[in-house]
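Alright, structures below, take your time with them.
Common to both upcoming complexes is subunit A, partnered first by subunit B, then by subunit C.
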Partner chain A sequence: MSHDYKAVQSTPFKKRFDLWLLIGIALYLVGFIAVSFSTQPAGESLHPVQVVIRATGTLAFLLLTFILCIGPLARFTDRFKPFLYNRRHLGVTTFLIALMHAALTIMWYHGFSETNPLVSVFISNPRYDSLSGFPFESLGFVALIILFLMAATSHDFWNANLGPGLWKTLHMGVYFAYAALVLHVALGAIQFNKDPIYVGLLAASAVTVIGLHLISGIAGLRSSHRDGLDGWLKVAAVADMEDARAKIIRPAKGEAIAVFRDGEKISAVSNVCRHQGGPLGEGKIVDGCITCPWHGFQYRMQDGQSPPPFTEKIATYATRIVDGVVYVNPEPNAPGTPQTPSQIGASA
Partner chain B sequence: MKRAHKRAHLLIWIVLAPVIAGLFALSIVMRPGAPVNETLPDVLIEEAR
Partner chain C sequence: MSETAAETLVLALGIYFGIGLLVGLIYMLGGAGRIDPAAKGKGLPFRVRLLILPGVAGLWPIMLTKLFTQKEPPVS
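Right, the complex of A and B next:
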């Protein structure tokens, strides 16, 4: 949060997550290499460097596919929230594996040329006017540059100095990196390797990533302007509000509102976290504070302020309960304004 | 996420989806076939197969 910066923010849970991630990566690489050599057709001789290039390339692509699915899937099920919370570590790891793939490829296929290897990536195959013969390595290189920019700015220092808006815009570049990588594989590996498993995996990845983002994008924009009462918006029956969780209301105008239940109290705040714009209403109440599902930023329910020594503030909203139904006033209070919670059981 | 970012996010995917799908489909359709050396006698090619 805003108090200070640490090189790597870590918790016991994040450490366990990173350990399992490293174990998974090691198992994948060892498994890929073992299967590649054991299924090698007679008469063909695969060099270990070529196998490692394929192993790191497929792993980086599968990890990026998974990372891009986490956001939309976390909207549909809570099971993906832990991955959302650790997405930064996954992203930086993916960049490092992609870097290994690129470094080995450049050294193996361009390192012995008289031309500078980095220049050779772009000019050794000049068929930019052909689809099946396109210099696909250049697409991978472009994607690597985008992934580098994202990994290098993934720290809170950059988020604070660029501002959440610009930071978020910069990190939307991952979608273009993914598009470049799909084409890098489609115009590269798939042109030479007729094994249907590669086509199948690439198609499954593209359909899943594109489908999930379109569905969640359309659902996220839909206004949930409901029946009102004197201009107040209906949220839900008290009985339907889960303890320590929120209902998200999307008014016709303005930002979404997160209406939380904490025991017998109902409070409403802006759904947008001050850190990176995370959806607070998809988080929960931890230690009496609303906790963002993205990176754990916290706000007090009663005034939308982060607990000291932190200084972030979000807008609060008035709520009321009429005949067992919760309503919220869509007009926001200034960020950090105290707002008395509605008490369940008290008369309206 | 702010509503403006959500719109930008959706717009990016609306543009990228047909580009990715179209070029991916074309790359499959236009895959080169197995190379054939036409100077070799047919008998040799059959034997190799």
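Right, the complex of A and C next:
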């Protein structure tokens, strides 16, 4: 449990993840370029720079689409959890590829005139004037700035020092950026290049992102109206609680609650890690302690206190088991308050 | 957008990020440790100092305020 800041938190899994990410990116770019040239109609002469502009633009857009789908998908299946934990690297990579797209565009379409290339981006691109008067490049620019701010504040230092509220608000900007990008492509590239593949990809991406969020939002609403018992919230049937893992419950007000099973015992604590707000309920029980998935801070199940010499404390919650179903009292105990776990099999 | 408007915008962006880089340098040279004890001295290796520079440059109005108001990281 070190407090030191590291450049990149690395594990063998993350290294492998990053390697596959790089391989995937390389394959996409090479594939895109190869297909572009081999399917080029006779008489048309694509410049390699133009092809790279398209390859990086579409790749950045597709990566961002995927990133936005991870959240809702991870709610439905554990398969997407690894992506959830590695979203940071995906996000920073997406920004860098988008930056390449933007830099090449600015050099290629705006770099050869008298005007400052950046100024020329905002005046709108003379090459597209006849096709669409809309300043679609400004939309791309706005999105790029948002992606930059998110990539630049993805390190733990920011998570800690902006505070979870502000950090989260900033990173919700990604939805605004995505909307701007959909318009960037719809009003820009597609006006100019009415390739059905572009139109289809754009529509499919936008529909997938919106659809998944709607479905997961509706599922979330349902579970927030979950059945209760005298004001206690239903968690799950004992049989559905995996050992050493938690179910996360979001009460109508207050912090989310992580309800853990450790062997035959059930305990509940706040879902929010004292270190930097990591989601404790996505962690595991290691050596009898709840272990944060982000940097490994630990808390004892029975009282929400970090084992000595550490002094962090989180709120605990009362639990009970009725007819094989676990319930949690949504009223938190003061951080560090001992709370007897519910015993599976004992009558309530 | 008219050419004058575009020129003003680009100039404003340049000034904004210029000031941001200066505030970022203050952070690299010890400002970070002032708002976050864990980021003092060796707690924040040079690589990480470089890594936080662009963020400070982008969010400098917030980060400049924190330099005077924040003693340790806010916890939820």
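Everything that follows uses one rule, which is that the second predicted complex is superposed on the first by the 262 of 348 C-alpha atoms of A that agree within 3 Å, B and C clash if a C-alpha of one lies under 4 Å from a C-alpha of the other, contacts with A are read in each partner's own complex, and residues count from 1 in each chain.
One rule holds for everything that comes next: a contact is a pair of C-beta atoms (placed from the backbone, for glycine too) under 8 Å apart; a residue touches a chain by one contact, two chains touch by 3 or more.
All values derive from a computational prediction rather than experimental measurement.
Within the superposed three-chain model, A:119 lies in touch with subunit C and out of touch with subunit B [touch as defined at top]. In the superposed pair of complexes, A:138 makes contact with subunit C only, with no contact to subunit B.
Look at A:165: by the touch rule set out above, it reaches both subunit B and subunit C. When the two structures are aligned on the shared chain, A:197 is found in touch with neither subunit B nor subunit C.
After overlaying the two complexes on the shared chain, residue contacts for A:334 are found with neither subunit B nor subunit C. Of the two partner chains, neither subunit B nor subunit C is touched by A:42. When both complexes are overlaid on chain A, the residue A:277 reaches subunit B and subunit C alike. Legend: residue contacts after superposition of the two complexes on their common chain; A:252 is shown touching neither subunit B nor subunit C. Applying the stated touch rule to the two superposed structures, the overlap between the subunit B and subunit C interfaces on subunit A comprises residues 165, 255, 272, 277. Contact residues of subunit A toward subunit C in the complex are 3-7, 115-116, 118-120, 122-124, 135, 138, 148-149, 152-153, 155, 157-158, 160-166, 255, 272, 274, 276-277. Looking at the complex, you find that subunit B touches subunit A at residues 1-3, 5-10, 12-14, 16-17, 19-21, 23-24, 26-28, 30-32.
On subunit A, the positions that touch subunit B within their shared complex are 131-132, 165, 168-169, 172, 175-176, 179, 182-183, 186-187, 190-191, 194, 199, 202-203, 206, 210, 213-214, 217-218, 220-221, 254-256, 272, 277-279. Note for the complex: subunit C touches subunit A at residues 1-3, 5-7, 9-10, 32, 35-36, 38-39, 42-45, 47-48, 51-52, 54-55, 57-59, 62, 66, 70, 73-76.
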